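Naming follows writing order (A, B, C, D and E), and every chain is counted from residue 1.
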């Protein structure tokens, strides 16, 4: 039990009459990279939003890092060590790239509480370094995020997550808008995380990517977890049949 | 001569008459140029206007103070710029310490509410009332005239002579006819018996009258009093709806203030204080006032 | 899980779990407020707020009070109908109060009688021109014209120059108030014709308010105009890319708001038998507050006329309740602010509770 | 020349100092499906925004349907017959699904100008039909778009474009957020368009998809068109080398 | 194409093509306005707006005019500094004018002298308690306390109950005005001590205004506080997900706005040597207008204190210019509205031109 980083029991979320997530039981071990797949609207992002406390769950329990947690908001989740790339990216449109990268944890020169002086030079340098890792091209870092292309925005969000140390990284469709090169780079970043033993939850619709990067694949369908398979025991065809509902049933548990 | 004028507000019936009195006077003279500003009931704006006049180099300034206790700063500003200053209509708080080239032309605000209430009291007695219940409609609560007139009403009612009058409730209409009308209708919905309405101004009195008429109340049975003697009020009085109002010689004050300002600008001496009395208006003497305001 | 439906495929959807219309919350706030006044009245005054306790009149309710509650908010309510549409499109209208002032002055000067008590009307603007005792259509059309013009200027500024509605209508607010004062150089304009005076008599303001509310609620729900209001307020860029003619629509919305403000001016000046330059001061804020209390979102895209009507009733109940309790005038304003905030807090709180419980 | 649907000459767009699009010369023939590929920030979406007049171009000319056009806004482009799925989707968050699908061209019962009465029943039915084609699952059509998952939103935008007749369809990364099934369905929709001879511009980062669906591939790099290749004369490796800049030069023109 | 840089790889970026700061547009509007007044003055009045044409005083400029231009907007300007921060975080503050009124009344009652011209001060609130002739720190601290409290209530309501800032501050606007009227039952409070009177004397208001502006411009640009203001105004959800403590930050912003309004009240009542319940009416709208004219976006996330200061100068020039031209007061309001709109239209137009030319 001690090597379990994240565990949920019966996690459920309803929006009015919509049963978006129903009794999800999920486990993630140290150093493990797990993929979540499923149709659009299957409840994947909802699952992430419950864990990170962007929303309050309807019922169920969550354990993180050995203890039961009841985060009241995303700040607490983040402070506990969960870094997330949300599907909607969570960027401030009117700020420039460095400000977004360091949003909420600015580097300061002097600590004067809220009126701490920012270390703008440092943040700019660090941003350049972080972006180089994603291979994205951004002509002018001082332009506001509003004026960035879809892929550029996504890379900023990924760079932000990869820059700060954490106990668990969650990425919700991180490469959806990325080009060929950038996707390859981001996959490299994920591999590095794997090598460093950092656990990760990756939501993706890309079968190749999932099989390349993850140890285990969890399939969501209509708000329920319908499969939980080790990569070795399955293949793309199999996964698809779970996604579409051709195969059903609370699937054989992988270890 | 260039004269700067700062009026407390433009959309006030009475002050408009005062202002027009001043303008009419100026038109009749040659070489007198009036620059009239609207302080929009804001003390600070008024002080700034005086400084703007100073920057434009006017020969004298006439101020209709928004607030009579804010005049010290105005006197100082004008004195610093060495420009004569005349206060009009409202008595400045620093009246006893005015510099040599400053004066004022005003009425004693304490009289208006007193005259009004005494007449209402007299009418009740004339009708043989042993007990009379009245509603009081106040003006804007942050306005001194409203505060003063309400105080006058209460003081008159406190005298043994008129102590048979009881105030059921007093509320504000912010000088406004529509709000007074709504307020009166709200009072009527309580079903309380009442004998009169004493309002801080004519507009509020008329609003109350309209509400009572809408509720089919016989206007002969109630005494309604106002202040200002506006045209609308005089017509209401002719119709027998309004029983009492109080006249203040607005045009006369305006003209007097301009006179004083011109004299001061030429370096002549003028009377320091000019009081223009309030006058009670009743159906008996209404004809005297029909053409005035 | 009971009966579930699946919409277009996908996750379970429990169709029985209907979401309450947002207006319900506001209505609840209204009811709570009434109950509070009723209770305080019974306990402390031994009198009833809503019910009839008099022997000299018949009926279960205190009809006079029911009438004044809505009568006193009808005029601002008419404005609020237009303001609601403006806010739903993501705009704001600060000019409505001043449009009321200017329109009342201008329209009233075409509605005056020639003689009062046998004397020539002392306040007649166009006595010399002989424009007195005109048919009621003249001041009405003049008013609509004023409202239309003001709305057109607002709308065109916002649509074509892309300046924020706050600024465009703030400019109009200042300018229209200036026009109101200038029109008769600060003098009130009084003594309208019988037919003009009939517009605001008795419960006419209430009838006009409620008819307009029903009309525009239907328009907002069932017509393309309404749909586009919500679309623009929700995401103006998306609406533009989807081919909605944003400029035309915005102009139309502000014109409607302007005309409604002008109608309010007619009703107001007719009800009071006078027009004054200071009329309508702060009405814009009351109208906006009614809309927001009624659930209209200031960021656009959400709200309804029904909500605004309930919001206006909350205002009416507050005003009448205070007079009923004979609350000292000095405390009234303080308490009014608290109640406005309280009504919206209650609304928010219920919405959050619902979201959590869901 | 008569079979050219869309042609641009020297199309250029600058944002302040950012040269997002430089002298793009592009042609599209009747019935042709062309893919646009390129790195993030290469200028693909910028190209689309100039054609559809969401922004005003800095310089250059555009011909559509035989004549030179200078649309002043997206309405005109749409009225001229260009249907677009924008990368940012252009949905009204507070409206429900049918309202979004018919946004700007509502079906009405009576025509009373702006006050025309909407035919809500018809629009709901038509929406269901259109969504079935994309295979997306939406539990409650009356929920607002704000509450839809990323893929659901994208499907609504695609269904909208596919529902109305047009002379040219442009899709900017339409399947980026879609699941396996939904992607397959949308690809089917695109194939149907091909069969009907409707021309299409598809922006995508998905090599397989591009080769499956399109006749010709145009590669953008740093705001310039660097390659224009018939599918038969190239392969994935080749395209990638153009994208990354390993191969350069105004490429051999395909016919 | 000249010198290009490539940022972090990618498309060409012409670094020489710097974008003008947005404030430049506003400054241009200010200059145009001054030039217009100067020209009209020269042509029609034979007098200069800015320059000295009098023989009895020395100097190139009409110093009295330069001073009054900024002096008359200093007090609203102080408020506008706070309002700017509120708007940048995506909020709005309608209560500042009323906070000025309430604070002026309360603070002034602790700043009164015991005797005026040998008589006991007729307006002293706390004569009986002997709280007269207190050191100036007392009223100052009282004022700061009032502003802090009002801001705290605003901020806490907005942060915790999630009601729209428009409603929370509207409630505060009504309530604080009620408090102002109730405090001395409508009576003005006058006759402050020398030391209190010194705060608003001469050019002190200008000095206070400009120092605060510089201070907060630095804070907005260089500190975490400033960064978070922009982040929250730009995308509140994103800011929340990024771990910014939204509630704390908002409370801080409204507290700062409240304290600035309270300081404005001190300066105002000191300058006028009196406090009265009607003080500060409509200041909130002027302050918001100054900010928006200065380029602050009402949807949040954009703007600067420098812009607001320039916006306030535009106001000052308008007011002084009108008096200079001896424009009839009736026309002043009308024209003022037009100029406010014109300044913003000019700004928008230049921005669009730049975007097109870019």
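Everything that follows uses one rule, which is that a contact is a pair of C-beta atoms (placed from the backbone, for glycine too) under 8 Å apart; a residue touches a chain by one contact, two chains touch by 3 or more.
Each chain and its UniProt protein: A, D = Sugar ABC transporter ATP-binding protein; C, E = ABC transporter permease.
Please read these numbers as outputs of a predicted model, since none were measured by experiment.
Listed by label, the chains touching chain A and chain C alike are D, E.
Set against the Cα centre of chain D, the chain with the most distant centre is B. Chain D and chain E, compared by their mean Cα positions, are separated by 47 Å. Computed centre separation for the pair chain C/chain E is 30 angstrom, with centres defined by C-alpha atoms. Computed from the mean C-alpha positions, the centre of chain A lies at a distance of 28 Å from the centre of chain D. Averaged C-alpha coordinates put the centre of chain A at 71 Å from the centre of chain B. Residues of chain D in contact with at least two other chains: 15-19, 39, 41-42, 88, 136-140, 222. Shared interface positions of chain C, i.e. residues touching 2 or more other chains, are given as 10-13, 181, 185, 330, 332. Touching of two or more other chains is recorded for residues 10, 38, 141 of chain B. Residue ranges of chain B in contact with chain C, taken from their complex: 10-13, 15-16, 19-20, 38, 138, 141, 169-172, 176-178, 181-183, 185-191, 203, 206-207, 210, 214-215, 230-232, 235, 238-239, 290. Interface of chain B with chain E (complex): residues 4, 10, 33, 35-38, 40-45, 47-49, 51-57, 66-70, 72-73, 81, 93, 96-97, 140-144, 146-147. Residues 54, 62, 64-65, 67-68, 71-72, 75, 101, 117, 123, 177, 180-181, 185-190, 268, 271-274, 276-279, 281-282, 319-320, 323-324, 326, 328-330, 332-333 of chain E are the ones touching chain B in the complex. Per the touch definition, chain C reaches chain E in the complex via residues 94, 157, 161-164, 166-168, 170-179, 181-182, 185, 285, 288-289, 292-293, 297-298, 330-338, 340-341, 344-345, 348-349, 352.
Residues 52, 54, 73-75, 78-79, 84, 86, 88-95, 99, 103-106, 108, 112, 114-118, 120, 128, 131-132, 135-141 of chain A are the ones that touch chain E when the two sit in their complex.
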